[in-house]
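One structure is given here, and the rest of the page talks about it.
Per-chain numbering from 1; labels A, B, C, D, E and F assigned in written order.
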Amino acid sequence: MSHLPILPVLLPLLGGALCLFVEHRRFGAIPQRTVAWLSMAATLAAAIALLGTASGGDVTAYLLGDWPNHLGIVLMVDRLSALMVLTTSILAAACLLHACSGWDRRAPHFHALFQFQLVGLNGAFLTGDIFNLFVFFEVMLIASYGLLLSGGRGVRMRAGLHYVAFNIAASTLFLIALGLVYGVFGSLNMAELSARIASLPPADLTIAKATLGLLLVVFCAKAALLPLYLWLPDAYARAPAAVAALFVIMTKVGIYATLRIGQLLLGEPAGELAGYGQDWMAWGAVGTLALGALGVLGAPRLRVLSAYLVVVSAATLFIAFSLRAEAALGAGLYYLLHSTFVVAAMFMIADLVRRSRGDEMRDLTHPVASPAVRKVAGVMFLVAAVSVAGLPPLSGFLGKLALLQAVPEADVAWVWTAILASSLMVIVGLVRAGSNLFWRVPPPLPEVVGAPPATTRPVETVATMLLLVLGVALSLGAAPVVEYTRATAAQLMSPQDYVRQVRDTDPAWRNP
Amino acid sequence: MSIVIEIMLVVLLAVGSAFVLVGAFGLVRLSEFFKRLHGPTKASTLGVGCLLVASVSYHTFIGSDPQPRELLITAFLFITAPISAFMMAKAGLSLRMDDMPQLPGRAEDTHVPERPDHAPDERE
Amino acid sequence: MFRRWFPSIPLTLSVVAFWLVMNDAFNPAHIAFGLLLGLVIPLFAARLDREFARIGSLRGVPRLLMHLLWDILVSNITVARQVLGRETRIHPGFVWYPLDIDNIHGIAALASMITLTPGTVTTTLSGDRKYLLIHVFNLDDADALIAGIKDRYERPLMEIFP
Amino acid sequence: MELAMSSAIALLVFAGVYLMLRARSFDLILGLTLLSYATNLLIFSSGRLVAGKPPVLREGVAATTASYTDPLPQALVLTAIVIAFAMTAVTIVLAMRSRADNRSDHVDGHEDAPR
Amino acid sequence: MTPNGSPLGLLEPAIVASMFVVSVAMLLSLYRLLRGPTVPDRILALDTLSVTAIAELMLLGMYIKSSIYFEAALVIAMLGFGSTVVLSKYVMRRDIVE
Amino acid sequence: MLELLLATPFVLALLVGLLPASRRRLAAWLAGMAPVIGLVLLALLTSLVLDEGAARSSREWIPGLGLAFSLRLDGLAWMFAGLVLGIGGLIVLYARYYLSQEDSMPRFLSLLLLFMGAMLGMVLAGNLLLLAVFWELTSISSFLLIGFWHHRSDARDGARMALVITGAGGLALLAGVVMIGNIVGSYELDVVLASGELLLAHPLYPWVLVLVLAAVFTKSAQFPFHFWLPQAMAAPTPVSAYLHSATMVKAGVFLLARLHPALAGSDLFFYLVSSVGAVTLLVGSWYAIFQHDLKGLLAYSTISHLGLITLLLGLGSPMAVVAALFHIINHATFKASLFMAAGIIDHETGTRDMRRLGGLRRLMPITATLAILASLAMAGIPLLNGFLSKEMFFAEALAIQGHDVLRTGIPVAALLFGAFGMAYSLRFVHDTFFGKGPRAVKGEVHEPPLFMRVPVALLVLACLAVGIAPGPTIGAALEIAARGVLGDAVPAYSLSIWHGFNLPLAMSAAGVLAGIALYFGLRRLFDLHAVVIRATGHRLFRLNIDSLLRNAQRATKAIANGSLQRSMVWLVLAAVAAGAAPYLASWPEGGPPVPDLAFGQPMGRLEWVLWVLLVGSTLMTLAHYRQRLLAVIVMGGVGLAVSLNFVALSAPDLALTQLLVEMVTLSLLLLGMHYLPATSPTERSLPRRLRDGAIAAVAGLGTGALAYSMMSREPVGIAEELLARSLPEAWGANVVNVILVDFRGFDTFGEITVFGIAALVVHAMLRRARMAPEAVMPGPPVKLPVPADLAQIMFPLTLTVSIFLFLRGHNAPGGGFIAGLTLAVPLLIQYVIQGATSVESRFGFDYIRLVASGLAIAALTGLAAMLFGLPFLTSGHYDLVLPLLGTIPLASAAAFDLGVYLVVFGGTMLMLSMMGTLKPSRLLEARTGVIDPARRSPLTAEVD
């Protein structure tokens, strides 16, 4: 049997444990980095192989402990989860590279925490069990707390407290919802839940709605949907660059979960429950989009601006997914890929800008002083901004185009207005930021006394460029990607097949 | 099970629970901390001890599942109860909740400082 | 060498006994495993042992325990009556009890016994370890109390922990 | 019994949420702790309330729900307890650090909270 | 109760009565825990509460003829005092590990 | 070949861009090659255009989105491509001498070529989406070009404004294009252009039109979006000459012409386009008169001429289209040369302010001659090209069919256009080259380098040639272009300078005379040089943008104000809403959602006691929360109550775990309290507390109701199967533990990972932290020899118990987690009683590696199953038979549990030891207060 599905979880876990073993002042940074990169490379390879198995359209169920799916925990590989795992791995590789330019030595346990973060992310994407999803959410979150807080001090601690406290509260809500899920539906396996919801007695409809509503609230909170996005800008803006860049995928986990629940549990077979909550989420998304775009406009610093870009992209995705149309789903997934890479790159650029000032609090009206940084960061900012603002010819444009095309006729008015208006606001915000940062003439250099002139670190630049190149590749080689995301959407839209394939998977030697 | 054993068990249960109750009663009834400290730490050890003996005998004689290991609980309680009492008393002293006499000879125990006259007197 | 591998024979024995009682099984496998634990655990426990104190003759132990149990029983009834009676009749007070024993195990055992016996609680050991501060539930005669403790507990303890 | 359990959950949530909405980090931690009790009880209740039938199999007793309660929610609660514990530990340390670094134990890092 | 278990039939009522008595003891301890007034009083009440809980667990085990609660009782006995120690230490020094 | 044509500028842009700033000559040569190669290729393609109507090539890009890389060179595209390349070549030559040493030649030329490529792409696009792509690319590259001198704030502002306006137009275009695609079913230009009727008949046609026109009007600076163009004059002059006269602003009218077959023909189109064109034409030419800046005048004049072209295209008649195309070419030639001349003047005198200029015909006679000729072309004087297209326009204006307002209004506008055009052309010529001056200009003014004049001269020559002999010079090209738009509907027209005395000629003459009168009259009446007419558009725009930014900032600050409490409130409210909504929704039908309170099992005595315990402790915790120590102690009661509830309700494992966790949590809380204030301050705001209380109450009631509703229905879980399969298949009697290590071992796997990470996080946060306690008691650390001695007896026994619980866990309450904590707690007590240093010096485990080992062991145990071809975490079981000792059951689950054990023990100890051994901060020491023991209150153990 193929053990591929477990590898994206297992490899980083072993890598993380091994990192802890070789972590010692005596050893220096090399062994840790070696272990981290070996693990990263292996995970990436596993993710690619996973995508290979999933791209055919089959759903692979990996029965952990060889228990039949309704008794134990099952890992599920379909197009969506494989895509998410691969996206995570690629993004993580760039982030790891960025961190290896020096941050990894300043933050205790960075490499181990980083690997564990991957464990959490990949686990969350792969699991087919809703309680296990919670567990991997927690793995991911606690590793993210570590990455955010390790090596930090001062205001970051406050931002961290907000982030941690809010997420704990949301996780508590998650648990309440899970208790209700088991109490009402009697299963935790998502495929099984799908089947049970499809044959739900009418008497249970109300409590089922409440239960699933709570679940959706949790995922919306993690994905930063109105009014639950308030925690995000500060936390993301305070995180170290490599970490903030990795965090970009974290909101996507919430979105992924919403999508999974929305399609698998609340899809067509759910009868009266089909599409439950989607309208609310759509309105929330429009509001989020507006406020996120306002945030981009009004952001005092580039990192805050980048954080609001995360909000904007999350809202756009929510809109795409709430349309419940195959083409819109596909477009959304393409947009998800694009926004992940590009916004992550934006965080890295923001960090370069911040460092070149040597001052956390300087705002967007202060130009970048160091000529080297101006040039490199300026060019990278241009590429990232063009892409993220949805200007041609980069990936953002294609994502937006695909989304506009996919909107069902009835929804055209509000969706187009929301998307185009927010695009314009984002353009205004980015133009303002870019021209202030890279075009204005900086004050004479010796303003910062004693600070050496900031330079770019090649590794950092390569990491950022890698993400930007990915964005460009996503637009030049868009055809297969668009095809894959379309196919993914098609697979998502037919949950019956998914459920059937999971239920038909028998244990290797146990009785089913 | 013989009648004797049954009576013995009933007596043990009665005595044990009575002492547990007395201990708790003292906790409520007595008027200051150091008096209250006596009730529970003592009555509980004997009370719980009796109940444990009853339990062990019961499980042994009822034949289903003999549990001599329950005696270990008593053993643990006999070791830990003095530690608890000692610590609580020291906590009480540190808050100057009662007068304590001067140490004969030199005053040494720095952790129980002198009680000043104006300290609030906590009585119920 | 022997000390290094068997830091404390009584501890080894009590661990084995403890293990067997807890498992409630006396088959060879359990005995073997109990012995293994008896070998290993004291090694760990020894790392915590801050003060090494000698252990002398254990002959007095049963008698001491009998005394203790009897006192617990009797005093329990006394104290129960006092608790249930009128509170104004209770005259609590502190007593500094002068110690003759200087073995720390002995002092600890004595302090425990005092506490376990109803009506008295050990509250403090003086910094020079020469006095125990005892809180007495109903203090009639301090000297008699001190004498009683010396006679019934401290002297036997001095034999066990010289 | 169900009503009692529900009312206890309700009260714990009430106290937990109220404390969670306070401005001091420690109160917040207390609130989250109370909330996690509520959560644990609720998950536990999803197996329904059964007294005296712990799911530890005994010889000669048929392994059915007639003799044993549903073990699954218990396992879930165990996981939840452990995770909540881990989170609490992190939050406490974070509260300490935030207090030390920002000179206030206000959750927003300054004495005068934004309105 | 099995016929051979309790010739006089007193045992089960005795166990039930004991549980009742111990329950009352728990409530009394609870009163002290909630009422205080001083901090050591509350610590003492919490300590007493856990000891009475051991008694209650043993009685419960007798009541359902199972030793399933042995471990819980053992752990309370072994570690319940931990809370007392830690809290008392905090009262003494405002710092539990020095 | 088409691809090659398009690729040339991009490739060269890249090459030039990579050159170092010092390679100015090489950059210019390379850049110059792009238009040359392009023109050659275009010439080679001409025959194809002539023969087949269009040259085509197509490549797939994203078939899923209908976005193909198809290129299509028809007549219109051919004309525009020629314009883009031809004028582009001259601009490169001009820029070579225009740019000063400080400006980076490679950067400038690279951007210029980028723009050229974008423009070419837009012109050549055979797919509407591709067209939109290149459309936006022109916006971006023009943004970079306008902002080339980005150290100047006017350049930045101008660039930003241009990008925002044209970018917005681009978004509208995208929307319009997607709409067209949805209607037509294809984005291929061939299909779209053939679907005019379909589009016109479609109900969404007005939307399509408005969206496309929004793009056209913004790009071509039509009223009311015209104001960005004058602001863009902050760009270097080659940019203005290229983008703002010849090419980019023509992109809008190009699009209008391009989609003319598909979109024109409706009344809406006619009225909208022609009226906007007419207004723009008047506004532009009127404002042009009052500009003092040479380039400003030219910019407004451009607006006006673009209005003219728009108006012509709006009129829609074939002849008007021809006139529009003709005027596009003419305007490009004279306006580009005028911009270059203005650049030369600026270059030589250092100013473009006409109030300071004058008399330049003496100082730079050649330039003056060229500029005057170009100006006359702009004014529409005979023998110059401007005259011809103006005459055509006048003829069309007079031939309008339609509403009366337009029928009279358009000719009047045309006449005014002629007059105003004459006036500002006159002003340009007179104020610059005649009269007194120049005043206060830098240094000596003389002719520019020869090659700076050459492009101007070539263009003026073209003006003259076309003006004198239109047929031979431009006739063929115009024919091709017209065929590109109109197809076979190209009208018969004659390109000659003399059509006899007719009404248009009279209008021309009247216009010229009126213009002369206007200029000199205006000068006389109110000093033209003192009049400053401010166009309000850009001020309004800037005001709007500023207020947008400011309000955005304000709104963002107000909404995301960094308050955790606000986030939390919203979370609770959202949850309440989600939980309550279904019930509220079903209210009208089934009455209020009242649960069936009669349901339920009877309460036993013990249950009542536990309920009172739980409720009482919870309420008291809430009541005492401001006194933290009290709250923590009372909360211990809550924990105990919950544990006992677990006991009573058949969950011994839970009770054990809860108790142990309780104990450790309490220690952590107390450790933390050492560094936190002892109390919470009183809250001032009563409404706030009431609000929170209400929210909490609703949340509590809601959760309780849901819980009750859940509990009062039939159980539906999978308990039966778990119970049945636990012993035979997982060899464990404690089903909860079997679930933990086997059925749902993966959860436990994640859970210990969480636990281990938590410990790491604590370690990472505290490792280098220096903290001052909030307050300390006086005196040295307390010594507790008696408890220490007694606790030492406890330790080996608890260690034994821990191993016991670990080994028995599979069959009785216990297991790795419980055992791990059972081991950690006595050590914690050692820490408390003996102090951290003394414990750590003797018990120095590397807790981090312990955690790592635990994780690795758990993972490897899971991996072992793979050796047998079974999935991760599949459990195994083996009965080891040993002589003497008997049968020893070995289960892989135990190995997994060992991992759990190590992680839990290591993690707990890591946390405790980190928190217990914090290094004090020297810096913060001063803030630490020393408590006066006498002032502590026994009620709270704190100083009141």
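We adopt the following convention: a residue touches a chain if its C-beta (ideal position, glycine included) is under 8 Å from a C-beta of that chain, and two chains touch if they have at least 3 such contacts.
Protein identities per chain, from UniProt: A = Monovalent cation/H+ antiporter subunit D; B = Na+/H+ antiporter subunit G; C = Na+/H+ antiporter subunit E; D = Na+/H+ antiporter subunit C; F = Monovalent cation/H+ antiporter subunit A.
Bear in mind that the values here come from a model prediction, so they are computed numbers and not experimental data.
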Taking a step as a move to a touching chain, how many steps at least join chain A to chain C (Na+/H+ antiporter subunit E)? 2
Centre of all protein Cα atoms: which chain's centre is nearest to it? A
Based only on mean CA positions, could you tell me how far chain A sits from chain D (Na+/H+ antiporter subunit C) in angstrom? 28
Separation of chain B (Na+/H+ antiporter subunit G) from chain D (Na+/H+ antiporter subunit C), taking each centre as the mean of its C-alpha atoms, in whole Å: 31
Hey, how far is the Cα centre of chain A from the one of chain F, in Å? 16
Rounded to the nearest Å, the gap between Cα centres of chain D (Na+/H+ antiporter subunit C) and chain E is 22
Quick check: what residues of chain A touch more than one other chain, meaning two or more? 131, 135, 138, 142, 145, 149, 161-162, 165, 169, 176, 179-180, 182-183
Check each residue of chain F and list the ones that touch at least two other chains. 562-564, 568, 572, 632, 648, 652, 671, 673, 703, 707, 710-711, 715, 717-718, 722, 743-744, 747, 751, 754, 757-758, 761, 765, 782, 786-787, 790, 794, 797, 801, 812-813, 915, 938-939, 941
Would you pick out the residues of chain B (Na+/H+ antiporter subunit G) that each touch at least 2 other chains? 18, 25, 33, 37, 41, 67, 69, 72, 76, 79-83, 86-87, 90, 92, 94-95, 97, 110-111, 122
Which of line, ring, star, complete and other names the graph you get from chains that touch? other
In contact (per the touch rule at the top): chain pairs: A-D, A-F, B-C, B-E, B-F, C-F, D-E, D-F, E-F
Which chain C (Na+/H+ antiporter subunit E) residues qualify as touching chain F in the complex? 11, 14-15, 18-19, 22-23, 27-29, 32, 37, 41-42, 44-45, 47-51, 104-105, 107-108, 111-112, 122, 125, 127, 129
In their shared complex, at which residues does chain E touch chain D (Na+/H+ antiporter subunit C)? 64, 66, 68
Of all residues in chain E, those that touch chain F in their complex: 19-20, 23, 26-27, 30, 33-34, 36-40, 42-43, 46, 49-50, 53, 56-57, 60, 68-69, 71-72, 74-76, 78-80, 82-83, 85-87, 89-98
Mind pulling up the chain E residues that touch chain B (Na+/H+ antiporter subunit G) in the complex? 2, 4-8, 10-11, 14-15, 17-18, 21-22, 24-26, 28-29, 31-32, 37-41, 43-45, 47-48, 51-52, 54-55, 58-59, 61-62, 65-67, 70, 73-74, 77-78, 80-81, 84-85, 87-89, 91-93
Residue positions on chain F within touch of chain D (Na+/H+ antiporter subunit C) in the complex are 561-565, 568-569, 572, 597, 599-604, 607-608, 611, 614-615, 618-619, 621-622, 625-626, 628, 631-632, 635, 638-639, 642, 645-646, 648-654, 657-658, 661, 664-665, 668-669, 671-673, 675-677, 680-681, 683, 692-693, 695-697, 699-701, 703-705, 707-708, 710-712, 715, 717-720, 722-724, 726-727, 733-736, 738-740, 743-744, 747-748, 751-752, 754-755, 757-759, 761-762, 765-766, 769, 771-772, 811-813, 817, 907, 911, 914-915, 921, 924
